[in-house]
Every structure is written in C-alpha cells, then in structure tokens.
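In the two complexes below, subunit A is the common chain; its partner is subunit B in one and subunit C in the other.
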Partner chain A sequence: MTVVHVLYGTESGNAEMVADDIVAAFRGQGFETVTAELTDVEVSDLAAMEIAVFVSSTYGEGELPETAAPFYDALMAERPDLTGVRFAAFGLGDSIYETFNNAIETLRRALLELGAEQIGTTAKHDAASTTPATELADAWTRDLLTLMPA
Partner chain B sequence: MSLTIEDASAMFPWNDEGFRADPYPAYERARAIAPVHRTTENTYVVLNHADTMHNAKLPCMRIAEPPSFAAAGEHPHPWTAFDNTVLSKDAPEHTRMRRLTNRWLTPKMIGTWARLTHDFTVETLDKLAPGEVVDAHFDLGVMPTHLTMCRILDMPVGDVEGMFWALWDAMLINATAPGEGIHARSLAGMNFMFAETERYVREKQSAEEPGNGLVDELLAAHGRGELTWREVLETTVLLYMSGGPNPAYLIGAGFKLFAERPDLMAEFREKPEIREAFVNELARLNPVELIITRFPNEDIEIQDVRIPAGSCIKYPIGAANRDPAVFENPNNFDHNRPPEASRNLTFGLGTHACAGQLLARAETSVILGLIAERYSSVELAGEPLEVRTDRLVAFDKLPVRLS
Partner chain C sequence: MKTPAETAPNQPAAAVGNGLPLQVAVIGAGPSGCYAAQALRKGQPDLEIAVFDSLPTPFGLVRYGIAPDHQGAKAVSRQFERLFGQPGVDFVGNVSVGTDVSFRALLDNFHAVVLATGLGTDRQLGIDQDPDARVVGAGDLIRLLNSDPDSRLRHRQAGPECLGPEVVILGTGNVAADVARLLAKSDLDFIASDVDDDALRAVAPDPVRTIHILGRCEPHAAKWDASMVKELAEVVGVHLSVDGVSLLGGPAVSPRTTVNVRFRQVPVSIRRHDGRVRVTTRHVEGTALVDHLDADTVITALGFDSPPAQPAHVADLEASNVFRVGGPATGRLGNLAENRKLAASAAKCVLEFLRGQEPQQRTGLFGLRDQLPASTVSFEAWQRIDGAEVRRARPDRCRRKFTTRGELLAAAAGSDALASIPTATTAAIDNTGETE
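On to the complex of A and B.
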C-alpha cells in the first residue's frame, strides 16, 4: 500500500487538527497514512517518501511556525535531491496579514526547487473567513484523492 | 453628517448607570447618525461590524498605549503590572509571549481540559439536594472553570472569591472615566492578585519535584534564562485569573437564557450538533469585555473619517455584535444564523484574539450540556445581580434552582 506522510507545522494546533482531518479523509481509500510534526522529521527521510502532505500555518510576520523552522533551515542547508517525491500542500493563515499564508508558499517553493513534484492545488485556509479549517481540509483532500488513484 | 465633539461625546455617557446596564439603544442611535464618531480631541468610536472586523485587527492597530495617553495624576497605572505579557505587547514581542501558551490550548488539548470541567461540574451537581438553590455564577461558572485552569497551570486552587473580586477591582481603572478612589482600589486589587500568585509560584519553584503544568514550563524557561521573573509571574497571573471569571459570565448568561427560554434548553439537550453555534450566539449577545481599544501607529481612514496616528479608537464590542446590517433582529437569540452572520467580536480578533477562547467555548458547552441533560428546567431563585463598568461586566450572584 502506498504510504502517505502527513507532515505538519503548527503554533497553536490548528494545523495539527487539519493533519488529523486529512488522515481521516484518507481512511478507507487504499492508502496507509503516517502523521508527524515537522519537528520530528529528518530532512534525510524526505527523499524516501513517495507522497508527503505538508500542512503549515504562518506565524509572526510571515514566518513558519517556530517548531517547523529548523526543518526548513535543514532542508535549505542539505538540499537533498527530491526527484520522485510527490507532495501536496495545505496552508493556514489569516488574510488580514500581507504575508497571508507565506509559510506554505515558502515550503512549497523549496520542495519544487529541490525537484519534488506537487499534486493538486495549494489550499490556503483563511482564519478571517467563515469556513472552518476542517471543512476545507475535507473538501481539499477529496479533490486530492481524485488525482492520486490508490 | 458631522457632529461637534461635544455632541458626539454626549451620545456615549460611559459612566451613566442606565447606559452601562443597556448601552445598545445608545449604540443604535449613534450608528444611525454615523458609523464613526469623534468623541474627544483624539478619541474615535467605531460602531459598525464591517469596519470593526476589518480595522481592529490591522497590524497598525497597536495595543500599547502611546505615552500621550498616560493618565495624568496618579502613578503607576495598575495595569503596567502586565507590561510583560501579551496584553501590552505588539509583534514581535507579542509573538514570543503568545508562544508560551500555544501548545497548551490547541484544539486537541481542549478536549482533555473540557473533560476536567465536566468532572468538576458533576461533583458539584451531585452534592446538590433536590430543590436546593445554587449560585450558577460562582459554583457552576467560576469554580469548575477555575479548577480546570488550575490543572492546566498546576497551581493550587487558592482564594477563589478573594481573587475574583481583586480582579474586578483591578479592572475598574479601565473604565473610560474611572471615578475618585478607583486608582487606589484598582492598585490594591492588582497587588493582592500578584502577591497571592507569587507566593504559589515561589512554592512551586522551591518544591523538590517540579509539577507538570504550564507554570512549571515557564519556571523551567526562567531557569534556562529564557524568561525573566516578571515574565513568568505576569503570564501566570494573567492565566490564573482569566480561567474562571471570563467564561463564568458566558456560562451565567446561558443559565439565564435556559431559565427564560425552556424551549432553547430543550433544543440544547436534544441537538448536540447545534451546541457550538449556540454558544457562539450566546457569546455574541453577552460579551464580557465591552470595548476593544487600539492606537493606530499610522494615519488611517475609516468611512471617510481621517484618524491620525496616535489616536485612541474604541470599538464597542456590543455595537459590532448587534449591527443590523449583519444581524437580522440583532437583539434576538438565534443560533441558526448563517456563518457569515455569526462572526462576532466577543473574543476579540486578529493577533490579539483571546488565546483561551476555544477553552471558554468548550467549557460553556460542557457545563450547559450537563445542565440540559440532567435537569428539565432552570428557575431563577432571585434577581440576578451584575456589576458593570463601561468596559466590563460580571455576575455577582445568580441564584438558580435546578429541577
């Protein structure tokens, strides 16, 4: 069974909740899922992942969550060849900030630069909207599933 | 339409008892004239939902009071006691302080905490004799939520009533125009809260074994030189004091609503899926903090009113929360409002939005859920007593009989 790694970076747990929602939506669709916080992910493990779903909020002034920043820094320092890795991206932010959803863009750009290929569209949840993150996560994952037959 | 400062100011009698008890007609009258009023040389009041929701959270809306607003006369301002917390900081310091609590109040953790609230409430309810009058404010609002916060922090229960009123006194100084003697009373309340809390934190610090709460994490960070003692203490006081009093007002408002509207109590019992929207509507109609104050550090324009940098902008929460442009029949309780007509300002917004709001909402839902499930009716056993300023409201007594 294809393993989908759901990797999240969070400050106050919303991205963690979204990661759980994504895993729930994958259930019964013919994939095995593994969830991890970016703090616990080694850059060297990334190249071996077939499919990785990145979930990250933006914090401070357009930054990655504090606990996810070391992963990104290591990624940029080690620059592994990610050819063959497919990833999807889900961001959380608030449109009141000019740096709306910067973090997921930052991650996405880095992954593309290193040769990974993105599946589907980048979700950008807006805390200023009336859509609960859970709802967007559900709908987005369902769309994603149509692009990746098990 | 433009009014003189005197005319505009007269529309907001902040210290009037009648206005404090029911500011909504005044907000409505003022909003009908204009959405933005200038009430002193450098103070503006914004009344409509759209502008409030947009403007109050702009990064230029600083929370820190510019020196020009420092109250003349008595010093220090009692609330300088919280200068090293999220209450008084803007980014990037605010972000650093906010991170101290983020991990403890995630959507996932809230489930764990709400189960504690549930158990504390059950303990109290189990002890009630049939027909016994209970203070829904203190015994079923303040206590279970304060006990929950004590577990999050790993702090002792302490003098709950003494601390509740010390906080109330401390808050009095934040009224728009506090009266005589308030400064001293506020300072005394603040000093009491800090002395009590510091004593407990010192005890924890010198304990053989560290505890497992948020305060222990702050103490550990202090030990590593990452937080000053003031940062540890001020953040602890802030959390220790917000755990009970704030959700208690929302919970009390729920008891009052159940007493007035048995039909809604029945719906709350029978349809768990409406509880989140129900609590949100309860929050919309019953804000605890009544005015959000910000100081733009750039010139801005709201509805053609030019507001210079350094001004004070008041956003009365009740005004935005009952703007008829967004909320049909704004004074009616209606938990079926569509999502785009249910966003309100009760927990603030943007970067400074209440960090504990998920907890407060969950606690309210759990306590009201227990009441609705265990009893068929809530009856007021006396007139509910409230205390109010233009900035804050709390119950004093809310005697009810549950049957």
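On to the complex of A and C.
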C-alpha cells in the first residue's frame, strides 16, 4: 500500500489542523500516512516519497511561513531530481492580502520545476470566507482520493 | 523525520502506576493555554486536561482582542473547538483561579499546572498626566468593540463615552493600527464582522474625523506590519500621511477621515485644556523642541502588563510542577505564532517533567467538583452561547455577542428567551469585572 506523506508549514496552527484532516481521510481509506512539519523534513527525504501532500499557509507579503521557509531554501539550493514524486497541494491564506495564497504557489512551482508531478487541483483556503478550512480539506481530499491508486 | 510507527499515538508511558491518567490544569483559555493543551495532547494523547478561564467564554483575546473586522485571524478558534471536542479535555469557564478556586486546590488535584493568564491590562504611559484628562487604553477600547462584558469602558453609569471627532493614538504597533482602522471605518466597512455596533455608535457615532498617531521611534522601527498600514490607508474615505507625506499618492479630494502618523515624537505630558486634552511632545533628539497637539481623547497603544489586581499568589507562584506560557513567561503579549511556539516548548517541558516523576494519583477536575461554582460554564454550554450569538446577528454581521455576564450565563444555560431581554447587570459587576 502506498505511504502518503503529509508535510505542513504553519505559524498559527491552521495548516496543522488541515494536515490532521487530510491524514484522517487517507487513513480512513486504508492508506499508511506519515505527518511532519516541514522543519523536520530533509530535502533528501523527498525523492523517496511516492506521494507527498504539501499544506502551507502564507505570511508576510506572500512569503512562506517560518516553519516552511528553510525547507524551501534548501530545496532551491540542492535542486534534487524529483521525477517520480507525485504531490498534492493545499494552501491557506486570507483574501484581505493581495498576495493571496502565494506560498503554496511558490512551493508548487518549485516542485514542478524539479520534475515532480502534481495530482489533483491546488486548494486555496480563504480565512476571510465563511467556509471552515476543515470543510474544504474534507471535500478536496475526497476528490484527491478518487485519483489515487488503491 | 518520523516513521509511521513513530507517529502512532504515544504509549501511556507516563500514566500513573495504576493506569489512571495524568492530570494537567491550564489556567487561561486564551491561545497560549489552548495551544499548550493542544501540544500536550499531541505529545501524550491520554493526558486529561482541564482549561480554566475566569470568563464564561473560551479563547481569550481571540474573542476579545483580535479586531472584529479580522474574522480570518479569529478563525484559529476552530482549532481550539476541535481540542475541546475531545474526551479528556474540559473547558471550565466562569471560574477565576485564585478567587473561585484556590491555586492550592489545583496543585492538590493535578500533576502539573500551566499558567496561561495573558497580560490583561494596557501598559501605562508613565508620564505627567492629569488624572481626569480623557485617556483610554487601546486594549480596553478594542475589548469594548469586541463586546467584552468586563471592558472598563462599558461600566460607566451613562455607558461608554464618545471619543470625539479628533483623537491621538500613542504607539505605532499593530494594535494602534487596529484602533485607527476601526475608528475610521463606516458602517458599511463592517459587513460580515461581529463588531459591537451599539458600542461603536456610542464611542464613534460617525467615523472619527482626525486621527493622529504618534510614535517615539524612527519610521523603519515601527512595530506594525506593512500590511496593516496599507489596510488602513485603503479604507474608503481615509487619507493617510506619514510625517507629512501622503501615503498612496496625493491627498484625497475630500477625505472623511485624515490619519496623520508622526514619528520621533516623545510624549512629555497629557493635560486637560479647554475641556479637551493637550498632548505635549518633544522631538526624540532634543529636549528643547516641544510641540502641542490638542484632541478630544488620547488612546494609548503601548503594549500590555499583567493586571495589578491579579492575586499575587497566582502570578508569583513557584513550584516545580508549575509552568508558564505567553505573557506570564515572557512579559510580552506576543502574537499567535509566537505564543504557539512558546506553548509547544512549554508542553515539552511539562511532558518531560511528568515522565521523570513517580506520580501520585490525582483526581483532576473530578476532585474539584464540590468546589466549582454552580455557574461554571462547560464547553457544551459555551456552544449554546456561540449558537445563540450567531442566530441573533444582524443580516450583515456574522455574530452579535452578548455584552454582559448575565446574558452570557443565561445563554449558557440555554435560555435564549432570557438572553434576548436587555439586562442591566452592571451594578452586580465591580470594576475588576468579577461578579459579586
């Protein structure tokens, strides 16, 4: 059975909650999962992952959250070949900012550039909306699961 | 990074010998307390945690501090709702530790106690100041606009006082920017917020006409985020200038509200002058250059301290099983991200402490059951308050909060009917906000 790695970057914890939701949905379908904050992930771990789900909020003016920035910097410095890695992307942001959900776009572009393949659509949660992040995470993961190998 | 086996729930390594769970009390259900409880449970899922708060409602300044027009930031409370939804995590609202329940009782009934009481009071200016000049703390003002039942501005016989058409805000942090924005906005700008409309109308019947923001520091050293200043400048009808230079192009044709930010201004005194207030400042580099600014109200936004009235035996308590997060640990209120980090590292220390002990049996909340007041608010009772507030909102608002402890407790008990009757319980509340 495929192991799904759920990797998150957060500052106030919302992305961690979404990561928990995604993990619960995958486990419910019998997948084995590993959860990690991006601070605890080595770039060299990435190439061996079959499926990595990235969850990240956005900070500053469109920047990565504090716990994801070092990973991204290392990724850009080491530029590993990620051919064969499949990933999904879930962003959290707030539409009062012009740079709405910029961080997940930054990560996504980097991963694609290094040869990884994206599955599903990029989710972009808007904290200013009335939809709870959990609700979007549940719906998005359900769609994602239809694209997954059993 | 962790293997799947390592991320599986921890074994109850620290459970008491006879298999009974470890008990932790958290004092304060603000973000620091909730993040600490969250991290404790992630590290040790079989811990039992009771989170006490003197307010009938959880979430501290997420509910009563973060600006009512920033609902996105307030959404962190969803994480905490999930926390309290778990068996083994209790919200114990409307219970003030040190007053309703003694600190000693917590030490007797729990293996560890986490102090997360925040910093409840606006920092004083500490300069020559007329006691009867109209000076308002930004924290108090925002608590009022967030419907805090204990906001000191609410508890005047005649209700909250109008700030007047011209105000001075001292301080250049995010809280100063929040205050300026809230006072500069018109009714339409509050769509989908949960601002206390009655309170807003009382303090600012119309958007405030002139707002002066004074900072001691150099412009680049201001503590606010650039995005906060930008948001203020973008409020329709606002014209913002910094040290005389317009932000975002030239002056608006006829601004409704002008906001003048001036840096390098050191306040020297605040006096009453012709029924208004006069703020005297000097330039940061000289002692001679003295300036006067007359306005209707001065609002201080200079940070926060712990309330002087806080029982000393709570704030000063030292014991090997007492841990601190947020303000009581750092002396700074901090923001959510900082407090989350602090709480996570404090939780690590708590778990290490518990693992290193030969723990005796403690009965946790159960052992306190005879000491808790009848008006204790559970998480379920809070959810009744929550539902009632959302249901009674204006169509263009997301919530209408209850503004007195009486109304909150009535809604907690499930009587919406009672809750809709305007109650005048201010007499039953003394100026520290605790019900008698």
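Points worth noting:
Simple rule for what comes next: the second predicted complex is superposed on the first by the 150 of 150 C-alpha atoms of A that agree within 3 Å, B and C clash if a C-alpha of one lies under 4 Å from a C-alpha of the other, contacts with A are read in each partner's own complex, and residues count from 1 in each chain.
Operating definition for what follows: a contact is a pair of C-beta atoms (placed from the backbone, for glycine too) under 8 Å apart; a residue touches a chain by one contact, two chains touch by 3 or more.
Note that the structure is a prediction, hence the values are computed from the model and not measured.
After alignment on the shared subunit A, the placement of subunit B and subunit C results in a clash. Using the contact criterion defined above for the overlaid structures, shared-chain residue A:V34 touches subunit C, although it does not reach subunit B. In the superposition on chain A, contact of A:V3 is made with subunit C only, not with subunit B.
Residue by residue along subunit A, subunit B and subunit C are tallied for touches, and C comes out ahead. Within the superposed three-chain model, A:T130 lies in touch with subunit B and with subunit C [touch as defined at top].
In the superposed model, A:E66 lies in contact with both subunit B and subunit C. Of the two partner chains placed around the shared chain by superposition, subunit B and subunit C are both touched by A:G13. Once chain A of one complex is fitted onto chain A of the other, the partner contacts of A:D94 extend to both subunit B and subunit C. Once the two complexes are overlaid on the shared chain, A:G84 sits clear of subunit B and of subunit C alike. Counting contacts by the rule stated earlier, residues 11-14, 16-17, 61, 66, 94, 96-97, 130 of subunit A appear in both its interface with subunit B and its interface with subunit C.
On the subunit C side of its complex with subunit A, the touching residues are 1-4, 7, 35, 38, 70-73, 75-76, 78-79, 82, 192, 226-227, 231, 336-337, 340, 398. Considering their complex, residues 3, 11-14, 16-17, 32-36, 40-42, 45, 61, 66, 94, 96-97, 126-128, 130, 132-134 of subunit A touch subunit C.
Across the interface of their complex, subunit B is touched by residues 10-14, 16-17, 20, 59-61, 66, 94, 96-98, 130-131 of subunit A. Interface residues of subunit B facing subunit A in the complex, by the touch rule stated above, are 54, 57-59, 91-92, 95, 99, 102-103, 105-109, 339-340, 342-343, 350, 355.
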